Structure formats: C-alpha cells, structure tokens
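These are the structures, in structure tokens.
Each of the next two complexes has subunit A plus one more chain, namely subunit B in the first and subunit C in the second.
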Partner chain A sequence: MTRNHTAPALAAGAPPARKPKTSAAQRRAVLLFVAPFGLLFLAFYAVPIVFAIVQSLLTVERKGTFGPPQQVFGGFVQYQQVFQNTEFWESVGRVLLFGVVQVPIMLGLALLFALLLDSPLLKGKKFFRLAFFAPYAVPGVIAAIMWGFLYSPSLSPFGAVTSQVNFLSADLVLWAIANIVTWVYVGYNMLIIYSSLLAIPTEIYEAAKLDGASNLQIAWRIKIPLVVPAIILTGVFSIIGTLQLLAEPQTLRSFSSAISSTFTPNLAVYTTASVPNYSLAAAFSVVLALATFVLSFVFLKATQRKVSQ
Partner chain B sequence: MRVRYGKATAAFAIVSALSLAGCSSGGSTSASQDSSCKPSSGPVELSFTTWVPGMDKVVDLWNKDHPDIKVKVQTGPNGNSGTYQNFFNQLQAGNAPDLGQIEYDALPNFRVQDGLENIAACEGVADAKDKFVDWTWNQVTFGEDKAVYAVPQDSGPMAMFYRADLFKEAGIKVPTTWDEYAAAAEQIKARGSYITNFPRSDVNWFAGNVWQAGGQWFANANDKWEVNLTGKESEKVANYWQKLLEKGEVSTLPSFSDEWNASFNKGQQWTWVSAVWGASTLQSGAPDTSGKWAVAPMPQWEAGGKAAGNWGGSSTAVLKGSKHPYEASKFALWLNTDPEALALANKLGGLYPAAKSAKDLDAFSGGVDYFGGQKIYDVFADASANVNPNFTWGPTMTKTYTDVSDGFGKATGGNGTLLDALKDGQKKTIEALKSQSIPVKE
Partner chain C sequence: MSAATAVTTTKKTNTSAGNPRGPRQSIMSRGAAMLIMGVFTLYFLTPIWWLLVSSSKSGGDVTGTAPLWFTPDSIPTFFANLGNLFTYSDGVFGRWLLNSALYAGLGALLGTVIAAMCGYALAKYEFRGREAIFNVVLSGVLVPATALALPLFLIFSQVKLTNTLWAVFLPSLVSPFGVYLARIYAAASVPTELLEAARLDGSSEARTFFTVSTRLMAPALVTIFLFQFVAIWNNFFLPLIMLRDQALFPVTLGLYAWNSQISQIPELRVLVIVGALVSILPLIATFLGLQRFWSSGLGAGSVK
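Up next is the complex of A and B:
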C-alpha cells in the first residue's frame, strides 16, 4: 500500500529502470510480520489438507481375519468408492436443496433487517441491532439443543402446535434445521450488510432526496445496488456453511429418528471416520472441499458478471 | 452399560475438535506378539477411560491401597457416541490410554484395528477364566487359546420390565410369549398407550432379540468372516416388530432421549424388554413411577421356553501401546472381581458384574424398592444362565449398527421394512469388510 503513495514521487525524478531496494532488514521485518499468520496457516490449514489428500490415496491391507492392518498406496480406490456411494450423493443433494431454499430466505431477511436498521424511521436501533445479532452468540450445538426441545412433541412449551405438526418427522426435519440455521445466522449476515450500508456516503442520499426520491426508492435504487458486494460475500459464506452442515443435524439426532448417519456430507464423513475408515473419510472430505470450491467459484463468477453488466 | 444420549451431544463438539487434532502418523503400529508380561520397575501411573458413572470413586478404593500403581480416570461419552472414535484416533496417534472400557460387540472391531494388547501372559489373567460367566470369557478370548484381550466387566442379560400396576388394573395378562405380547400390545393401544418403544438406533437391542431367538449374525470360520444378518431368526424378529410398527402399537421415540424418559415417566409405556442395567436407567429417567414396576423373564417364542438375549455389557481392555500391561491387567482384574469394587460400581453405575461371585453379594440379593421390593437380580441371574454362550460379533459393528439403524429409521418413518434394513445392512457390512481388506465369504 505504501508503494502506491510514493510511486508518483519516484516516477517524477528517478529513471524508470530503478527499482525500490528492499534491504535485508526490511525483508526480515516482512518475514517477522508474516510469520505468525504463515506458521498457523501452515500448521492448521496447509498440512491438514495435504495430510487428508495423502490419506485419501491409501488403502488397507491385512492377512487373515484378525491380521493387523497395514496402510499401502491404493491410488484412486477410495475415490471410486466415493462416486459409488449413493448415500453420500443423496446427502449432497439434500444440502443443495437446503441451500437453494434457506440461503435466499436468510439473506433476504438479513437485508431487510439491515435496511430497517439503516432507515431513519426506526427508533431504538442499538437495541434491535443487538437483539438480531444475539442468536449468533449462542453456540450452534446449544442452539440446536434448545430448538430440539422447542420442536419436541411432548416436551415443547408449544405443545399445542408440536403435537399436531411433527417438525422432527422425516418430511419436515430438514426445514426444522433450516429454521435453526436461519435463526442463528440472520443477525451475523445482517451485520455485514449493515456495516456496508454505513460506508455509503450520505451525500448520495441528499442528492437523491433533492431529486425527489422517497425512502423506498432510495433503498431500492441506491442502497441495495451499493451493498451487492456485501450480499455476494455473505452468499459465498452461506454456500460454504450449507455444504458443511454438521452440528445442528448431529445434535438433533438425539431428538429425531429421521436424521440418518449420512444426513449431510459432513455427517457422512464423521460416520465413516468412526468406523474407522480414515481413507474413505479423507476422500469424502477432499471431494466435498472441491465441490465447495467449485460452487463458490461459480457463484462468484455468475454474480460478478451480473454486477459488471 | 449405557448412559443417555443427551450428555453425549454436548461432548460431541469437543470430541470432533479433538479428533481433528488427533490425526497424525498413520499405520505405524507394528504387530508385536509379546508373550512376556513383566512388571515395570518403580511406581507407575495408568490412565483409564470409561463412561460408567461413579467409576472414579471405585478407582479411589484402588489408589488408596496401591500407591505404586496409580490409576487416573478419564470419563467420556458412551462408546459408540464418541469414546470409541476417540480410542481409534488415539491408537492411530499412538497415545491411547492404558485401559479402556469396550463393549463386547466392539472388541472384534478393536482387535481388527490392532488396538488391543494380548494380556494372556500377564500374571493371573489366564487363571481368571473360572471367575467369569462363561459367555463373557468367550467374548474376550474370541474362543482362542493363549489369547485374552480384555477382562469382562459387566453383562446385560435381558428380561422384561413391566408396569405391574397398569397390567393389573386393566386385567391384561402379563405376557410370557411373544404372541401374548402382541395381543397385549393391541389392548394397550386401545387404551391410548404403548406396550413399548421401538428403538431404531439401538441395533444391539435388536441383535439381543435375535440372540434370544437363536440367531447368529457373524461367524469367523476357515479364515473368513461370514455375515448373516438375514437368517431365519433375524427375519422372524424383524417381521414381528414390523407388524407392531405398522399397527402403530409401539412408539418410535429416540431411545434414552428426554422425550423417551418423559414417555416412561408419564406412564405411556407399559413394558421395556431390556437389559439388567436398564433398571438404573428407569429409576433415573422415570422417577414418578417408582414402586409400580416389576421384572419378568423375556417373552418366549415357544411357550415354556427359557431363552434370554443379551444387550450390552463391557470389558476392561488394555489398549495397544500401553507401557505397563502387567500393572494394567492387575488393576483390570481387581476392578472386575473385588467384592467391594463390584458393589460400589453397581451402586453408583448400575453395573451387573460379569464375575460369577456377583450373585453372592448383598447388592444383588435384596429387593429393590423401585420394583415394589422385588428381588429383580434373581430374574436376571436366571436370564444370564440362559444366554447362548456362543455369539460372535463382527469386526465392523459400528458400521453395521449405523447402516441398519439408518434403515430402521426409514422403516419407522413408513419407508421400507425392518427386513429391508437388515438386507441393506448385510450388503453394506460385506462392502465395509472388503474395503478394510478383511476376508469375507460372499
């Protein structure tokens, strides 16, 4: 960043071939500043990923019914199993369906709340900002346990409803989970969009008002277009989060008989690792990571084109 | 031994975080068949992971008398809910505890992953054979000579808990056969209650019923595993419960959940065909029904029969990599045979010991208030004697359980049948064995 500021000055007096010299001391300083992040990134991100990839290429060999297992290189044997595993792909389909319905609802609500917080008409903004954000402070497992009790047909304080409609049945449990996820994350996404709204210069609103724009028109024609990047960001986060659903379905398993051990892709990974079949679990994880990456990338590309149009 | 699932979920987040951290260095365990087992020099400290409530108090008894062999207790969630995952990860990382609680049905799984020390050569272990109920000893030796992979801890002979008051009031005969049980189910349904709950996730409960009917799911013969989840006994049991499910005469709540407890506590459940440890589960889960329960032998497939199944029961195993197998097996033997230890483990943890001497203990000879003063342990002692001693568990039970349980979940939701679930489990178990390179007969 600093180079940008000094660049014109340099360009004015210095010959074009000359590069700014970085001394050894400067290089050391850069290293020093990067090191904390770099080491943590290496230890908790790069190494585990490489380890998972290596693990996914191994397979087990043994002699006899109780022979000790030996891990040997197996090539793409595990990946072959991944692609033949119907439960895994059913779970991927399930979370995609989940995402298609839940993400737009959640982001729509987040945008609505952010606009309300930003509107001059609302009183008690501080209170509402905190109130909307509070559920995000509740850990996912605790939230799932709480909702589990609320849904439960005979233990719920809303027994009059839950004894009529079983939210934990095979037909509804996916949407029961969607409701929990929405409840937890609306506030978080709202905050991202809201902070992006605050960054819009107020002069733009004044100009719009002088031109006779109503509050609704300002929201629709100025605010929303300007916070689109923030919405895209929350969209990518949500897609990643959806594919990685684990805590909520795993916790609700003790409330509902309808959640299988392969309900979501991550649950399938966990179940497979418990067998223990680490290599297959690693292969599932690698495929899931790639799918997440591709999906996020496609989403970014698609939305970027729209924005630039 | 079983604890409610609710507690397990809270531990889940921690468990998964740990299991991520525990992934390092795979496949380095060697198959050292040590035939020697010598005492260590100097004082040692042993770690012991268990999920039996109150086990730390029992271990305090040991630590008081054995300052040189100090045992440290770590508690975890119920085996399949997290502790086994931890064990597998710890074994992989080479830092497993010295001793671990492992249910009989999981022992083959641990042996096939090379996770157990053979302690047959350790002092006093081989001689302990006669101290334990025969079938439990078979489970820890896999029926082999010169092999002892764990010390039996407790067992789970099955019987029928039933609401004596409700049956009497309604004038319904307490069922002694499964036919009578189905007939009673219909009458109870007409009164707006359930005869019992079908536990879709407790596949080991279902296996206990197949065990009673004379079935066998696995066999280890001629250097190959045989898988038979769909034999005629399994089919009989599956079709029986399928009928009750279709008529809506049994509920399908997740077992050991708060919902499940509430259902028993409110008197909506009239019976529970369960294991001996179920007595303490009921007492803590349904306190309002105290004094109203009684215990009868398991309903029979043939009138006048005496067959019983078994559900659960654990062993204390010395895990691979322990540096002190001598001291560890000494402690395991004490824990599971010492009268004082057994009495306390029963009082605090509800364990029904696998040791033969148990029936002479005061704790197992008196009446129990919760069951109207009935001497319930007499019923379970009879059941224990009528459990088929030759029942073999497969080497990937965790996988078999989850697959069948998923199928049972579908069946209870009206999608497919219990028998379909077993057929699917059969197919997937064979696949799982193959993917682990375990020889299997197809």
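Up next is the complex of A and C:
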C-alpha cells in the first residue's frame, strides 16, 4: 500500500542519477531527525511487545502449598490456557460478529454521505460536514455515558421506545454498543472518503457529465472505484478498532448488567490483569495483537488484489 | 477509461433527458439527498443537544421535564450545576481537565514534531535502512495500542513509575501513523530542488527543516496534531490501567469513575452530565478553529 503512494512522488522529485552523494552533514541530520522517534518507538512499542511475549511465557510456581510465589519459565503453558479459555474465545467471537455487521454499515453510510457531500445535489454542505463530524469529538467513554442515559428506560427522552425495547438487555446490548461506535465514527470515515473524492480532478467526470451520465452513474462507475484506497484505509482502522473495543462496553457496565467482565477481548485482558494474573493477561494481549495484525494484513492484501485486477 | 466508455453508451438510452440536470429529476434527487442528510443530522446532533439541555436541569428535572427542551430556570440552573461541578470534591474536575490538556495538548505537540522529523527524514534523505525503518513504523500502525497497555504497565511497574503522569504521557508521544502521514506529505509537498538551494545557501539541514519544510508540511502537521490530540484525549485503557491517584486522572477516566458511582451517590448524575458537556467543548472548539487545515490534510493518507 505504502510504496505505491510514495514511490512516484519520490521518483519525480529526486532522479537518483543526478543526486549528489549524501554528505556527512546530511547523515548527521538523518540521525537527528530519526533518533527521537526511534528511541521512543523502541521504548514504548518494541520493548513492550517483547516484554509481553516474555511475560506470557512465564508461570507462577510455589514451593510447597504456602511457599512464596515465584515466576518461572513455563513455555506455552499460558497459551494452552488461552486456547482452553472459552470466555476469551466467546469474546473474540462477539467482536468478530460485531465487526462483520457494524463495519460495513458504518463504512456504507460514510461512503453515502461522502458521495452526497461531493454531489451537486446538496445545499449547506459545510453545515452537514460539521454536524456529522461533531460526534468524533466525543470520547468513547463520554459517548457511552450519553447513550447509556438515552437507552435506559427510566431516563431516556425516547421513553416511548425504550420502555418497549430494552437496548441494554443481553440480546441487544452488543448492537447498542455498535450504534454508539457508528455514531462516533461515521463522520470521521466520511471525511476521509470525502477528502479523497475532492482530490479527484473534475475533468475526469466532466466528460461523462457532458455525455449525459446521471449523478448516480458518475458516483457508481467513476467516483467509487477511485476512492477504493480511502475505503480500504478506513476499513483497516475499523477492524483494528473493533478488536480493541473496551471503553464503550466498560462504561456501559454501570448501565447494564448484561455486559460481563469478559465481554470483549480487551475487557478479558483487563479483568485477568486485575486478578492479578499478568502472564495469562499478557498471553491474551499477544494473541489479540497477533490476530489484529493478521486480520488487517489479510484484509489489505485481499483488497489490494481485487483493486489491481 | 472503461468507466468513461461505459457512461457514453448509456447516453443513448438516456437522450430524453437532454439536460442531465433537468428540473424534474433534479428536484426529486435533491429532495431525497436533503431528506437523508436531514434525518441523519438529527441522529448525530440529538444526543449532543440532549446533553446540553440536561446540563441545564437540576437532578430531579432531568427525568421529570420535557427531555429535549429547557425549563424556565435553565440558565441559573446551568451555572449552578457548573459551580457544583468545579467545586465538588475540592475541585477535582478542574484538575482532570488540566491533566487532559497536559497529556493531550503537550503530548500531541511534542509527538507531532517527533513524527514529522522522522517522516521527513524518511521521505527526503537516502540512507541505508530507510525502507526497513519505514516498514517497522508501518507495522506499528497495525499494532493495536491497547495491546501495549498491559506490557507498558508491567514495564513501568519495574521502574516504579506507574501511577505517575509519565506513565500516561511518555507512551502517548509515539504515533507511527503520524510518521506515515508525514512521510507521504513531505514526499509530495517539499521539493528536493528547494532543499538543494537551501544547502547551497549554507543553511543547515535542521534549520531548513524547521524554517522551510515545516511550513510546506503545515496542513499535514495540523492533521497529525489533531488526530494525536484526539487519540490521547480519548485514550482510556492506558490511564485506567496505570493510574490509581484521582488527582492524575484525565477527564475521561474521572467521569468514568463518577459514572460508576452514580448508584451509590445519585447527585453525581447531574455532575456527570455537565462534566461530559464541558469535556467535549474543548475538542469541538479545537476542531472548528483548525478546520481550514485538517480538512485539506486529512486526505493525504489515502490519496494515491
């Protein structure tokens, strides 16, 4: 994905044949520019990952029944536990179901709004753009608190609905969370797709317009294919976000008893870590990070192949 | 190309509409478009409106009165609620706001500078290991931040720094996505000829970066800043797992803590509602104020 983005611009800017050799001053500058990020990345990204893997390979042992607990190397003991932990896999299944339903709805809406903003049909575009984007400024915790009040049968301004349908029940609470996430992120995804639409030179569809193509045809046959990279980007971020769900369900727990302490994988990590069983929690984290990485990577590859065909 | 030809063939079946933006078709689709956008405007704004209205009610009135409209004494009640919010428990809410401003404001500012320098170097210099570094950074984009929270906690507890502001502040500085965006934008917007001219003029590399290149990269920098600001402001897992001391909480964690005590302390409900409103205002204000910049920088990450 990335090479395609940058390579042409680089090549156009700097023909390598003509470029003078990198001087010592430039090498020093590179070091100066890269070092701060490099060190921080090492300390707060790379080392924690290694640390999590190491921790996940440890296990607690006691000498005798009442001896002091000691951490010893346990190999894949924790991972055996991870794979036997039905609550964890239920939570993974839950967020996957969530993602399969919520991500397409959210991105579909975002694409629809972006196309409408880009079409000549709409007046007051600036207003809509801001109104739809405003929820993005609401942190997940606050959004969950707000919607928690709106859902709760006794407090909601929509009492007529919430007294009939209990959105916080075990059957519906996952979709109540899906609605909160959609509410927060549609506008953000809409803006990413919209700015990608704005970057399309208008000449591309001027011709089609002169030929009498309708707005719908232009949207479907010209605009959507051209914004596929933006949609892929939003898709990857949505997948990552879905697997990481934590703030919304954790906050809604004070409104609904239907959310267990292992409702999402990250809640399971948090609950296990506060036992405290750091090794098992670390193993959960490693499995979750790996799953996220693989899933978003596969998604990128799969969509790229489709695009290049 | 194929799209264009496909459209020209449909023209023949569509000749009756000599003017593609003919009045009848146009009114219909305009109406439909406005209707869709209108309905969703209600969806997006009603919860925020409810929050605003509820902030101007006393505890009993939140449920007893019309939920989406003000009461006659809304204005004095609103200010009374605000007063309670900032004095409750020795004014801890104000402390939380300041903490969030520090974590998110300073963190995003420093994080942006750091990411911009790295992305710029990756775009404008040729050196060994450049692609390797970029690939590592990119895999960093795909690593979920929450997966790092627990190991970070374990590391910080080794050096006895959990429950300090550093535990939240330092990890927030790293933004691989910022580096990615900065590299793409620097490659597209900083001409190499300009850098060479600056070199001939005797300007040092660092000076060229801070005086010339950052100006050319400004829209991307504002975008990186904003999104890192939001990411830190919204971050929940890291402070949740790191902090015990209420005085160090960011505002989201503080409101979360209050919200989970409502069943024991019912008067907190009004404070949570007013506090929620107060805590989203700085973000909305920042976004509105910087709109000009981010709306042009946002697309950079995905445009081919």
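Everything below uses one rule, namely that the second predicted complex is superposed on the first by the 285 of 309 C-alpha atoms of A that agree within 3 Å, B and C clash if a C-alpha of one lies under 4 Å from a C-alpha of the other, contacts with A are read in each partner's own complex, and residues count from 1 in each chain.
One rule holds for everything that comes next: a contact is a pair of C-beta atoms (placed from the backbone, for glycine too) under 8 Å apart; a residue touches a chain by one contact, two chains touch by 3 or more.
Bear in mind the structure is a predicted one, so any value in this text is a computation, not a measurement.
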Partner chain(s) touched by A:Pro68 [first = subunit B, second = subunit C, both, neither]: first
Which superposed partner A:Gln81 touches (first subunit B, second subunit C, both, neither): first
Which superposed partner A:Tyr278 touches (first subunit B, second subunit C, both, neither): both
Subunit B versus subunit C, judged by how many residues of subunit A each one touches: C
Subunit B versus subunit C as contact partner of A:Leu112, first or second or both or neither: second
Contacts of A:Ala25 with subunit B and subunit C, given as first, second, both or neither: second
Touched partner set for A:Leu172, first subunit B, second subunit C, both or neither: neither
First (subunit B), second (subunit C), both or neither touched by A:Pro48: both
Touched partner set for A:Thr262, first subunit B, second subunit C, both or neither: first
Touching partner for A:Trp183 - first (subunit B), second (subunit C), both, neither: second
Doubly contacted residues of subunit A, that is, touched by subunit B and again by subunit C: 48, 51, 55, 139, 141, 145, 149, 154-155, 246-247, 250-251, 253-254, 270, 273, 278
Sites on subunit A touched by subunit C in the complex: 2, 4-6, 9-10, 13-14, 16, 19, 22, 25-30, 32-34, 36-38, 40-41, 43-45, 47-49, 51-52, 55, 109, 112-113, 116, 119-123, 128-143, 145-150, 154-157, 183, 186-187, 191-192, 195-196, 198-199, 207-209, 211-215, 217-218, 221-222, 225, 229-230, 232-233, 236, 240, 243-244, 246-247, 250-251, 253-254, 266, 269-270, 273, 278, 281-282, 285-286, 288-289, 292-293, 296-297
In the complex with subunit B, residue positions of subunit A that touch it: 48, 51, 55, 58-62, 64-71, 81, 87, 139, 141, 145, 149, 152-155, 169-170, 246-247, 250-251, 253-262, 270-271, 273-278, 280
Subunit A-touching residues of subunit C, taken from the complex the two chains share: 3-4, 6-8, 10-11, 14-15, 17-18, 20-21, 25-26, 29-30, 33-34, 36-37, 40-41, 43-45, 47-48, 50-51, 54, 62-63, 67-68, 114-115, 117-118, 120-123, 125-127, 133-134, 136-140, 142-148, 150-155, 170-171, 173-174, 176, 179-180, 183-184, 187-188, 191-192, 204-206, 209, 230, 233-234, 236-237, 240-241, 252-253, 255-256, 259-260, 262-263, 272-273, 276, 279-280, 283-284, 286-288, 291, 295-296, 298-299, 301-304
Residue ranges of subunit B touching subunit A (in the complex, touch as defined): 5-6, 8-10, 12-13, 16, 19-20, 23-24, 26-27, 29-31, 80, 84-85, 88-89, 92, 108, 111-114, 142, 200-201, 220, 223-225, 252-254, 257-259, 262-263, 266, 395-396, 398-399, 402-403, 405-406, 409-410, 412-413, 415, 432, 435-439
